[in-house]
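Look for subunit A in each of the two complexes below; its partner is subunit B in the first and subunit C in the second.
After this line comes the complex of A and B, so read on.
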């Protein structure tokens, strides 16, 4: 048993999965913590990434084109959601749900079916060993993290944070909050869609059910990360997201290994989330429960 | 500069440690040690579903005859990520073969390993979902069974039972690979018999009732599509159909008991037995799994519901 657990923890596959998912978690966290926008689009834009990958890869084109197009696709979905909120004055939660619903049909149309396999086709991860895949994932995610960190360290990044913390200040200092929300969600969904594209290529197939349960698992990952590292800066915030995602993957993997009843999973995740939120409250000792950005949940 | 909160880290790692210990203890108790099994087989079931469940149970019963096989049973609860993790663990545990029930489980298995034989089970369209290069020669490390319904016979049943039917209603879930695969054949067959298909899309079981309602006065008969969503809400379809006296045909064998007039089908236990048979072939053969042809579907029989036959004044087809 010990030997099995040891193998489990060192497995490069779990690290790869955790890192790929951490991109999506980071995207979700940007809208949630910086913009105070609980953006539920992610389950749709994540799938969209896989769908774009299937459209490009099954036509025999380069997987890297798929990855770059997924950034564009994600941005569009983010802009759409934000516009629903900013210009059509639809509630934040509802705007995400509406986009998510529309994306379901769009994804099915674009992919021409629910499931598309990349077997024997060139993906970003074809012909690589587990370690090779991990290296590539690390490179991709480091690149994404550094770009996001750079953006967040600029004046614009500061404005994004201010937009979530105190909209009035933004408006009184003569900035347009709509532009900030639209661009912020575009960045966040571009990341999520990119993560979805990487994820489906890593899996070797794209399926419209790939995003199921992503909202809750991203939230769990974020909260775990925030409890371990109480982030106060941009860098520690990104670290919290990554560590949270990896820990969540380890826990999932252990649950699987010990053969828990699969129909109990969702119940367990729900209970764990409740416990975590209580732990977070206790750990903050009456101060802010969320140390970086605003607390939506 | 930022400081990591020591107390929180301690608290959380304690929690984690506790979880790991309890889970390991629970797990140890569950996994009974078998004395030196010759073969270790990992079974990865995509989701809990009546058809997959019955295939799984009959497969397990069949394999129980061989004491030298140790089974590791996993269920991914309908999550593609979990599928991948299960297959990763199988590869780490160096199993002798992976049995994957359900298309996503099988797809992720053939992506995870090209060495360990993968036996897929209960797949509607192995070639279309790229699980096999062809039925005769699946290629690589993969082979398995298909449980494709005899759609040709089911469509022809409309002509033999209800010769005057022109418009055929069908509820389709475009989000399911197996449903789309079946629909391709149904569309071709319907065109052969000059039947007009009226397709109504559904995406979850709560829509079945109103979708059936919308078929009223537009169709003479309803054919059951191979959709899992429809399968779980069949009763609501039968309820509406019988209210408006629309006969329903086709479907799985179990749908006949529920209210389908008749269908051609097979027992899902036979698919499980076939999967066990092909697994034994793979384990005992020196050759690559991909050289063993895909088996199934089992021979189909005509099943009828006598109450429904009486209701619509139908006679047994010759």
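After this line comes the complex of A and C, so read on.
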């Protein structure tokens, strides 16, 4: 049994899926931990990535164009949500919910239906073995993680981190907090949308319900990673996100292994999250539960 | 030569409150802030001392009147709040807090450079070593793990490295013990001697006021009056 679980965890499929989803978790973590912005746009922009992939690929265009456009699409959704908060003065949580709701209609219209299959068409992962797919996913993820780490190690990245915890310092130093929030959410949603595009290309289909429950599973992944790694630097923060995503994916694969109904997965992740939050509170013994960035959740 | 740094002209501040009567804090307040002076603002709790500082630094707009900046701009003013946590990012390291302060008012392209550079670390060490609080050896420590004295010294360091021409300090020694407070006051005094800046402090500490103040302003009934007999006024 344990051997089987070990093989399952190290299987290229689980690792590939975990890494693809870790990009979305990283995007969500940037808004949540660095900007202290619980951005619920996540579920919509993840689906948008898949929708863009289906639009481009079914037209016979290159899957890499789909990936590039998903970055642009994600940025636009992030900018839209941030503008709702910064300029229309709508509450952070509500601004995400509004964009998410609008995106539902936009995604349905763009895709001309609730789902679209492009299984037999050329995607970024066509004609590759499982190991080949994993290699490609690792390259994409490493590229994305390096870019994010580079950004966060600049002064701009430092200001982004400070913006979530003490916005007054930012304003008193003559920086525009709105610029930081808008650009931060643009980066975060670009990553999420990119992840959605990769995810759809991996499975060969896109569905408007793909993002359902992604907030909870991303938060679960983040908290698992934070409990294991206790990040204090940018690099350890990214490592926490990746490890958390892989462990969450492993939990899904156990559900698969014990033949649970797929519709029960989200319920199980929800229960795991509740347990984690309670355990984290008691295990911290008065110390900080979140060691890097702001504790919104 | 005109020695006035800024003028508070006919300032009134009324806080609108729903269900209860509006609260008038400042009434037709006129005040010139001069160069190279250390002001102390005294007055009862709720008399509007912090409000004046927030009006000067342009964080609160007065209901009536205006602040006329004559020899300085808003970016030359540094505001140190009473609570240490409001002046620093506690989860970040000493070095990162210093970098944020040093990047104040910098151009966007400067913010695209990496901050983990050897010359930046040396510069921070150099600045912090002047404070003789031992923080220069703890550059990579998170601020929340420093002692309150070290945190306040860091607050002053982050404030002074912006080279302000006017410092607004809201009870900045109140969290410090009797050993550390004089040290912090000395740092401020030395900076003032070197740069001829002005300082407006709020304090309830009689000894501190008598030792440091050049001009004491008493805030009563929404307006200020210059106190000549400081000891007598504070005794009341």
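Going forward, the second predicted complex is superposed on the first by the 284 of 297 C-alpha atoms of A that agree within 3 Å, B and C clash if a C-alpha of one lies under 4 Å from a C-alpha of the other, contacts with A are read in each partner's own complex, and residues count from 1 in each chain.
Everything that follows uses one rule, which is that contacts are C-beta pairs under 8 Å (C-beta built on N, C-alpha and C of every residue); 3 or more make two chains touch, one makes a residue touch a chain.
Keep in mind that what you see is a predicted model, and the values were worked out from it rather than measured.
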item: First (subunit B), second (subunit C), both or neither touched by A:168; value: second
item: Subunit A residues touched by each partner, larger count belonging to subunit B or subunit C; value: B
item: Contacts of A:224 with subunit B and subunit C, given as first, second, both or neither; value: first
item: Which of subunit B and subunit C A:122 touches, first, second, both or neither; value: neither
item: First (subunit B), second (subunit C), both or neither touched by A:289; value: neither
item: Which of subunit B and subunit C A:209 touches, first, second, both or neither; value: first
item: Touched partner set for A:232, first subunit B, second subunit C, both or neither; value: both
item: Common interface positions of subunit A, toward subunit B and toward subunit C; value: 232
item: Of subunit C, residues touching subunit A in the complex; value: 57, 75, 78-79, 85-92, 96, 99-101, 103-106, 108, 110-116, 142, 162
item: For the subunit B and subunit A complex, residues of the former touching the latter; value: 2, 4-5, 7-9, 11-12, 15-16, 19-20, 23-24, 26-28, 30-31, 48, 73-82, 84-86, 88-89, 92-93, 103-104, 107-108, 110-111, 129-131, 174-177, 180, 203
item: Partner subunit B, residues of subunit A touching it in the complex; value: 1, 4-5, 7-8, 11, 13-14, 17, 21, 104, 108, 113-115, 117-120, 203-205, 207-210, 212-213, 224, 227-233, 235-236, 247, 251-260, 262-263, 265-266, 275, 279, 283
item: Subunit C contact footprint on subunit A (complex, rising order); value: 153-156, 158-159, 161-162, 165-166, 168-170, 172-175, 232, 288, 291-294
